[in-house]
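Following this message is one structure expressed as structure tokens.
For reference, chains read A, B, C and D in written order, and residue numbers begin at 1 within each chain.
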Amino acid sequence: MKERKPKNIFVQGPIAASFIADSIQKHSSKIDIGGHSIFLGQVRADKIDGKEVTSIEYTAYEDMALERMYTIREDIFKKYDLTCMHVYHSLGIVKAGEISLFVFTSSAHRKAAIDACEETVERLKAELPVWGKELLTDETYHWKENPQTP
Amino acid sequence: MKERKPKNIFVQGPIAASFIADSIQKHSSKIDIGGHSIFLGQVRADKIDGKEVTSIEYTAYEDMALERMYTIREDIFKKYDLTCMHVYHSLGIVKAGEISLFVFTSSAHRKAAIDACEETVERLKAELPVWGKELLTDETYHWKENPQTP
Amino acid sequence: MSVKIILFGRLADIAGDSVSVDNVADTDSLVDSLNKRYPQLATTKYVIAVDKQVVTKNTVLNKKSMVALLPPFSGG
Amino acid sequence: MSVKIILFGRLADIAGDSVSVDNVADTDSLVDSLNKRYPQLATTKYVIAVDKQVVTKNTVLNKKSMVALLPPFSGG
């Protein structure tokens, strides 16, 4: 079922494993689903000029991001035979090892779920106005950049 | 790290959402991971000759399946730059709506995790000697068949 | 020589979980012998694994061979 | 006409979260005006969104236009 207005995808802080488990559990009543595909983005303790990333602070142009996400969702539902799609992205501080992105697609058949999940991840990384400020061990910071954003 | 001997992938009955959550949570200490890809196979209440699948009873040629899975794992680790891979498959009865397959790959970068997960799912469906007996509403049954198995 | 074979899925429905077959030297003669005993097997799709490897050509068996008849897989 | 723009990420580090710019009729003149005031912006990569849509050509602005300067995205 498609939604008329943009659904909020943003959550404050990291995405907990228990939240992911709850999302999975909720789908046990949907007995027409044969496969789920999940992508999780985890904050990596990259080294930058000899300093380590301890966490990322995410900000977004929320209104625009939700409109873009609405368009992506519509496009993906047109292209793939999905039962449902859920997307969550962190705002604020997410520490190294914690999860900042959760994309979850379900379908009767695995191929649609897998392809839709991958395409959604690629599109949201390229199209959503979200920024990650990598906070480093010495209390300086570095603005992260995804390849191929506008 | 590669294992010397085949790791058991089989679990009795369905795979619980809480088990999946625990697996995800364990990776929060691996701060070189940037992306996780997860595939979940869920038992579908298909209609067969007007009857509905209420559950699938899985059996396997376990020794051979674990050897094949070992080979698949070695191949995937050679091909993709993965941090880790976990595979679990149910044996015994799994009801419609419950999860019977859990494939979990992690990598520094999302592309490797996503591609490795998909390839592992395709290969294990085609190569592992596992059989699903679809139990129907009228207590008859139907042997499931994946496309392209030997 | 007698060879013990194990069967899975719908093949076990036809012939049971395991069967002993006498006087078979290779997989071709095993199949002939089984088809006589269980005519339904002749029309059922399966592959043969010897020592946990699928074999596609006629394969010599010895008394230690682990032979398994595998119907189309349906895991996942 | 005065236009209020909002800035994100490293652009906000340079010029703050929001800036009012006077006497600008379109996005090209907005950029000229900003570059004079914040020379560092001229050497920083960004795109302009008007009413939540990225614009790639010079775009006429009115006093209700929502203008945002967006540095390269890094969500996920």
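The rule we apply is simple: a residue touches a chain if its C-beta (ideal position, glycine included) is under 8 Å from a C-beta of that chain, and two chains touch if they have at least 3 such contacts.
It should be emphasised that the depicted structure is a prediction, and the values quoted were computed from it without experimental measurement.
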Name, by label, each chain that touches both members of the pair subunit B and subunit C. none
Greatest Cα-centroid separation from subunit A: which chain? C
Subunit B to subunit D, mean C-alpha position gap in Å, rounds to 49
Distance between the CA centroids of subunit A and subunit D (whole Å) is 27
Roughly how far is subunit A from subunit B, centre to centre by C-alpha average, rounded to an integer in Å? 23
Chain centres from averaged Cα atoms put subunit C and subunit D apart, in whole Å, by 73
Mind pulling the subunit B residues that touch 2 or more other chains? 41, 110, 121
Touching two or more other chains - residue numbers and ranges from subunit D: 76
For this structure, enumerate the chain pairs that meet the touch criterion. A-B, A-D, B-C
Under the touch definition given earlier, write down the residues of subunit B that touch subunit A in their complex. 17-18, 20-22, 24-25, 27-45, 96-99, 106, 108, 110, 113-114, 117-118, 121
In the complex of these two chains, what residues of subunit D are touching subunit A? 6, 8-10, 47, 49, 52, 54, 68, 70-76
Contact footprint of subunit D on subunit A as seen in their complex: 41, 58-61, 63-65, 67, 89, 100-101, 121, 124-133, 143-146, 149-150
